[in-house]
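A quick write-up on the structure given underneath.
A, B, C and D label the chains in the order they appear, each numbered from 1.
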Amino acid sequence: MENLIALLVAAPLLGAVVLLCGGRRLDAVGHWIGTALSSASFVIGVVLFTDLLGKNAEHRTLMQHLWTWVPVEGFQADVTFRLDQLSMTFVLLITGVGSLIHLYSVGYMEHDERRRRFFGYLNLFLAAMLILVLADNYLLLYVGWEGVGLASYLLIGFWQHKPSAATAAKKAFLVNRVGDMGLSIAIMLMFTTFGTFAFGPVLSHVGDASEGKLTGIALMLLLAACGKSAQVPLQSWLGDAMEGPTPVSALIHAATMVTAGVYLIVRSGAIFNAAPDAQLVVTVVGAVTLLFGAIVGCAKDDIKKALAGSTMSQIGYMVLAAGLGPIGYVFAIMHLVTHGFFKAGLFLGAGSVMHGMNDEVDMRKYGGLRKYMPVTFITFGLGYLAIIGFPGLSGFFSKDKIIEAAFAKGGTEGWILGGAALLGAAITAFYMTRVMLMTFFGEKRWQPDENGHEPHPHESPRTMTIPMIVLAFGSVFAGGIFGIGDRFLHWLEPITGHEEGNSPVSALTVTLATMVVLVVGVGIAWAQYGRRPVPAVAPRGSLLTRAARRDLLQDDFNHVVLVRGGEHLTRSLVYVDHTLVDGVVNGTAASMGGLSGRLRKLQNGYARSYAVSMFGGAAILVAATLLMRAV
Amino acid sequence: MNPVNYLYLSALLFTIGATGVLIRRNAIVVFMCIELMLNACNLAFVTFSRMHGNLDGQVIAFFTMVVAAAEVVVGLAIIVSLFRSRHSASVDDASLMKL
Amino acid sequence: MSFPLLTATAALPALGAVATAAVPAARRTAAKWLALFVSLATLALGIVVLVRFDPGGDRYQLTESHAWIADFGVRYELGVDGIAVALIALTALLIPFIILAGWHDADPLETGNKRWRPTQGFFALILAVEAMVIISFEATDVFLFYIFFEAMLIPMYFLIGGFGDSAHEHGDEAAATQRSYAAVKFLLYNLVGGLIMLAAVIGLYVVAGNFSLAEIAQARANGSLHMATNTERWLFLGFFFAFAVKAPLWPLHTWLPNAMGEATAPVAVLITAVVDKVGTFAMLRFCLQLFPEASKWATPVILVLALISIIYGALLAVGQRDIKRLVAYASISHFGFIVLGIFAMTSQGQSGATLYMVNHGISTAALMLVAGFLISRRGSRLIADYGGVQKVAPVLAGTFLIGSLATLSLPGLAPFVSEFLVLVGTFTRYPAIGIIATFGIVLAALYTLVLYQRTMTGPVKPEVAAMPDLRPRELLVVAPLIVLLIFLGVYPKPVTDIVNPAVKQTMSDVHKKDPKPSVEAAK
Amino acid sequence: MSPQFAAAYSTSTGEAFQFWVLGTVAVIGALSTVLMRRAVHSALSLAGTMIVLAVFYLANGAYFLGIVQIVVYTGAIMMLFLFVVMLVGVTAADSLTETIKGQRWLALLCGLGFGILLFAGIGNASLSQFDGLATANANGNVEGLATLIFTKYVFAFEITGALLITAAVGAMVLTHRERTERPKTQRELSEQRVREGKHVPPLPAPGVYARHNAVDVQGLLPDGTPSELTVSKTLRDRGQIRDVSSEALNDLRALEQRAEERLERTEIEPANLQRTEEASK
């Protein structure tokens, strides 16, 4: 069975190689090859999953050693895959949602002449993501980590002819690189502390290391997670990443890749557990992002950017949960999986809307679409209900647990974190209702574009609706399946560990409070967008709204401080290099030239002059000889 | 009188000759000064010969004379052809190496 | 006596150079094929060396030793350790690609003139450089090394000055001026370095009485050759200066952007991927072995210089407007990493540095050669003159992207392994330096992606609209390099296996041990 | 010979007297070789010095060299010098003003320094031992020299021969002017002159004035202007034409001035009174 693990990665990798190197010959069948190979990976994943289910909880970790990667004195990195409950969960999520989105893309990208390459990139992404979750050491994880970054870069910038897409892709990669820097420093710290960076030895010897070092490692891991999972302060790339095709946003920037940070934190749980200070920082980052993303999501008129804000916020929940330690790990992952379903569904729905609306993304130009695209409306609606935590749907089970866990942290921290999570739930209800109302309800607000083409909203083809329906099912039932009877908890507990916190408030109170804020959020949204018509042009809005539209000015800060500052720095350095460093050398050369110009005058061409020098030289030689004799 | 005085005389003549080479511009005079230097050397050789009691010094002086003769022949030929082309016997005029 | 394999490996390209130069003016194509054939034959010999080399065997293998200048104890001594073998293989590997990439770079503008034979000259000079570089890697006699270390400058000077890139924003005349400026600058910088090294070489002879690396190192190790502290330091500085110029290390780097910018792309690759490696290689082989104490003494300063190189080179690369100069500054940054790895004095650092030399050679070759193909199509080196190339020439753009990704050390591609090893090796001993150096990887992403974005993406500029995609010859150059980048990124073991024993030796030369991890049990 | 004897070695009083007198002459000769403005004078001074040296050779027991010095050096080489001086121009006197900045001072400084060094060197050398040539010259000086030259130094001697021959050939090559075409006959030359319409009659004779009847004075044409054609080409090329056109006027003016000085008039125009004898130089 172990030997199948490599196949999980190999199938999409093969797809990527074949599709990217295959050339035009494969244009006709490329998308089916890609879909087939990603589905193959899913099937292998299911086979392995059933295998794992058939084993005892203690024997559910499979290892496959492939080859020794970097063997250097005192430094050993292997290509070894590790399949345990945690990675299995991810494998299924990635390959499952991934395959659905492949299928969806067949329809969505139908008119794109570079569809083959798109599928190649998607397969590349799957392979990298699988390496990320299957890696048995941090260095191999790093390969997947950067690999998904690359795939994300390629896919965000898929429509490269649009400068905005190219810029967004570059920005995503760069911000991620800052996070990667954290990961590499974390690995280096691990190496100096433990002499290795394989999961097993590192995580089992955490107790022997000093807390200072562990805090350092943990904070660096958090930095990495912030980059990949778009957490404050490295969140700025996610909104721009929506420049990519919508399936990409669904798969990479909602369901899978952006959750890699949560995976990293949960995977390194042992380290975080031993570094309470770092954990506190994790929860703060999670809470801040949760609110940040939610606020941004409220202000965006671009449907995908609103969803991106939501993604940020939801991942904030997960990070918050992960920061709570063993109380929250399981719920972080659970929310991650359910979020994978409903957010992918929402994005695919958004893609379907755009598909029918000539790629219009401004929600103020939608309205009343429920009549035109019923399937999309229903699936999107189910996703909506799931994300706001409507009782009985997926989000309810997972998010509720996280809020509970936040309170269970105890003390003032618990109240603050729990309060933030509750507030986030209210805002989530608000902005998601807003999206729902602006898109599917109310009067139609679209107009002919400058070429006179009026959009003709229509339902999307079967290849697109089927994945949406499947995901909608996931959005509705996943939470129940996982949550009822604590199935998910029992499945993951051997890996992450679990402990019940001592919550100052009962679970029922939390649930009730959640329901109340939910209703409040929906109500405010309905009052604002449901009762009266939505203006087609955005009103100026309050200061907060305007700031939120600009991603709470974080981008402006980046622009002024990092981009402008960087430009000035590089420009002045170029100047310094040219005038100072090179100037010293050129100055030396020039002074040499001047000196020789002066010395050249001694060479006046008169033989007698030379004779004097000769004679003088002879005299000096004689003198020297005599002196040597005398001495 | 100590015969070393011949050597002092030789040194004096040599120095005068060398200075002459340096300060005169007429190629012929320069040549004469060179001859003077050679003769000064010859005097030293002859004196050394006497000092050491063998004739080797004189032989060297003899060779010097022969070489001087050859040198004068070629040198004067050069001066003559130089004069033909430049209408001057000044060594300063032959300064093509000048900037 | 066995077959002198090392001599043959160096002599073959040398003879090839002579033969290529002798090809009549009209038979240009024959000269090209001859040069390619010779370089391939050299590659074959290089592979034989690689195979015959036994990583577990003696330190120096395939040795040859003949008296040369007996009066000064100069011997013709050759021998290779793992590091040298890896670099010889790299050199032999890259030259055929350089020749193939420069296939049309030296075609004469007018064919009538029988005495005008630039093509023959170009390829002969490349082969001459190859011969000298290889023998520099092989020489275990300091004097022998010095001679070829310096002699390399002559063909390089002509290659830079004589066969420049005419794609200059201010026209041909400005290009010619810039070119001769660059060539002279290259020559003078390296000559100054070489001169100082010569003084140190002579000093070494005065102190040690011979030039044999092995003998001196052994005598130093067993204490029979004692050097006064100051003497050792001065000699070390003399050697190091020359290598730092060649490498090039900040602030001695300014010749590289000029040289790489003005030379044709294949020659630029020759400079940075092959010739400069002699500098870093020599730091490992000569500085550390001959002057271990002085090396340790100078380490802090050198590490700081390397760190400055990394960050400074990367920042300047961001600020460049010219594709080739950008790659040059990127190389400066990378050489900073190599030097950092060497002087971190840890196994990981030095293995990483050696691996880095190989990988940097391949990755820069890939990036620079594709950049050269790009430039030859548009006739401009300015980044601003491009845009949207991806749309018209996807294969070119794809290979360019892979080259860029290799330059930014993407995991899975070869440079990542080496860069990470260097960083880890540095970090274990000097955490602060390791962390600052890590900023280099962010900056690397910045400059490569900005380059890619500005040239390849965005709306198609009218000037590039008719740009043809990679031709078969060009693809033949790039594809193997990319395959190699991926292969060595995934499976660098063949190289590390060869390098590790040599690094172990060097570590014992400087009497340094790797720092122990604080939690040993985890291993 | 014992050291005591060697230390006491001294020459006869006669030789000492001869040395001091003739040595002074030699130094004066050398100095005037350097300092005389005319090359002829230099040459003659040098000849004098050489003869003195010949005497010294004789006094030092180098009889053969002494004779050779007189015969070859003074007789042949110096005559060769004089010959070339004549060829180049006897009358030409060099200006002794220095044209190269600092050259003279440097030369004197170097000369002085070198001289001091030589003197110091000789003074410091242990030159007390003099063997004399009594034994060496026992079989006669010429025989002794011949023995050495034809045995020990025979190879050098042969090479000297080769050197002399080479020098002779070299001198010929240097001074010989290759004729690249057949020389024109007199007839052809006259035809050419007629064709070019120049100087059909013989060239005019040099000028004849009351005070100058030399070949280097230009003759006057019928209109009174001097003509360069009247002076031979060699003199023209050397620039040795004497300009006497304004001499008579100058003389007249000088006469007038003297007359005015006597009459105690003061207006003097010195500039115009200069004789322009060497104006052409």
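Note that in this section a contact is a pair of C-beta atoms (placed from the backbone, for glycine too) under 8 Å apart; a residue touches a chain by one contact, two chains touch by 3 or more.
Chain identities (UniProt): B = NADH-quinone oxidoreductase subunit K.
Remember, it's a predicted structure, so these values are computed and weren't measured experimentally.
Engineer: When you average C-alpha coordinates per chain, which one falls nearest the overall C-alpha average? Tell me, please.
Structural biologist: Given all protein C-alpha atoms shown, the central chain works out to be C.
Engineer: Look at all chain centres (mean of CA atoms) and spot the one farthest from the centre of chain B.
Structural biologist: Centre of mass proxy via C-alpha means gives A as farthest from chain B.
Engineer: Taking the mean of the C-alpha atoms as each chain's centre, how many Å separate chain A from chain D?
Structural biologist: About 101 Å, centre to centre.
Engineer: What whole-Å value do you get for the distance between chain C and chain D if each is reduced to the mean of its CA atoms?
Structural biologist: Between these chains, centre-to-centre, one finds 69 Å.
Engineer: Between chain B and chain D, what's the gap in Å when you average each chain's C-alpha atoms?
Structural biologist: That gives a centre separation of 13 Å.
Engineer: Just give me the whole-number Å value for how far the CA centre of chain A lies from that of chain C.
Structural biologist: Roughly 36 Å, centre to centre.
Engineer: Could you say which residues in chain D touch two or more other chains, in rising order?
Structural biologist: 100, 103, 106-107, 110-111, 114, 118
Engineer: Which chain B residues reach two or more other chains?
Structural biologist: 18, 22-23, 25, 92 - these are the residues of chain B that touch more than one other chain.
Engineer: Residues touching two or more other chains, restricted to chain C: which are they?
Structural biologist: Residues of chain C never touch two or more of the other chains.
Engineer: What are all the touching pairs of chains?
Structural biologist: Every pair of chains in contact is listed here: A-B, A-C, A-D, B-D.
Engineer: Using the touch definition from the top, list the residues of chain D that touch chain A in their complex.
Structural biologist: That would be residues 100, 103, 106-107, 110-111, 113-114, 117-118, 120-121, 124 of chain D.
Engineer: Where on chain B does chain A make contact in their complex?
Structural biologist: 18, 21-23, 25, 91-92, 94-99
Engineer: Residues of chain A touching chain D in their complex?
Structural biologist: It is residues 604, 606, 608-609, 612, 615-616, 618-619, 622-623, 626, 629 of chain A that touch chain D.
Engineer: For the complex, which residues does chain D have touching chain B?
Structural biologist: Within the complex, chain D contacts chain B at residues 9-11, 13, 15-16, 19-20, 23, 26-27, 30-31, 33-34, 39, 42-43, 46, 49-50, 53, 56-57, 60-62, 64-65, 68-69, 72-73, 76-77, 80-81, 84-85, 87-88, 92, 94, 98-100, 103-104, 106-108, 110-112, 114-115, 118-119, 122, 127, 129-137, 141, 144-145, 148-149, 152-153, 156-157, 160, 163-164, 166-168, 170-172, 174-175, 237-239.
Engineer: Which of the residues in chain B come into contact with chain D in the complex?
Structural biologist: Within the complex, chain B touches chain D at residues 1-9, 11-20, 22-26, 28-29, 31-33, 35-36, 39, 42-43, 46-47, 49-56, 58-59, 61-63, 65-74, 76-81, 83, 87, 89-90, 92.
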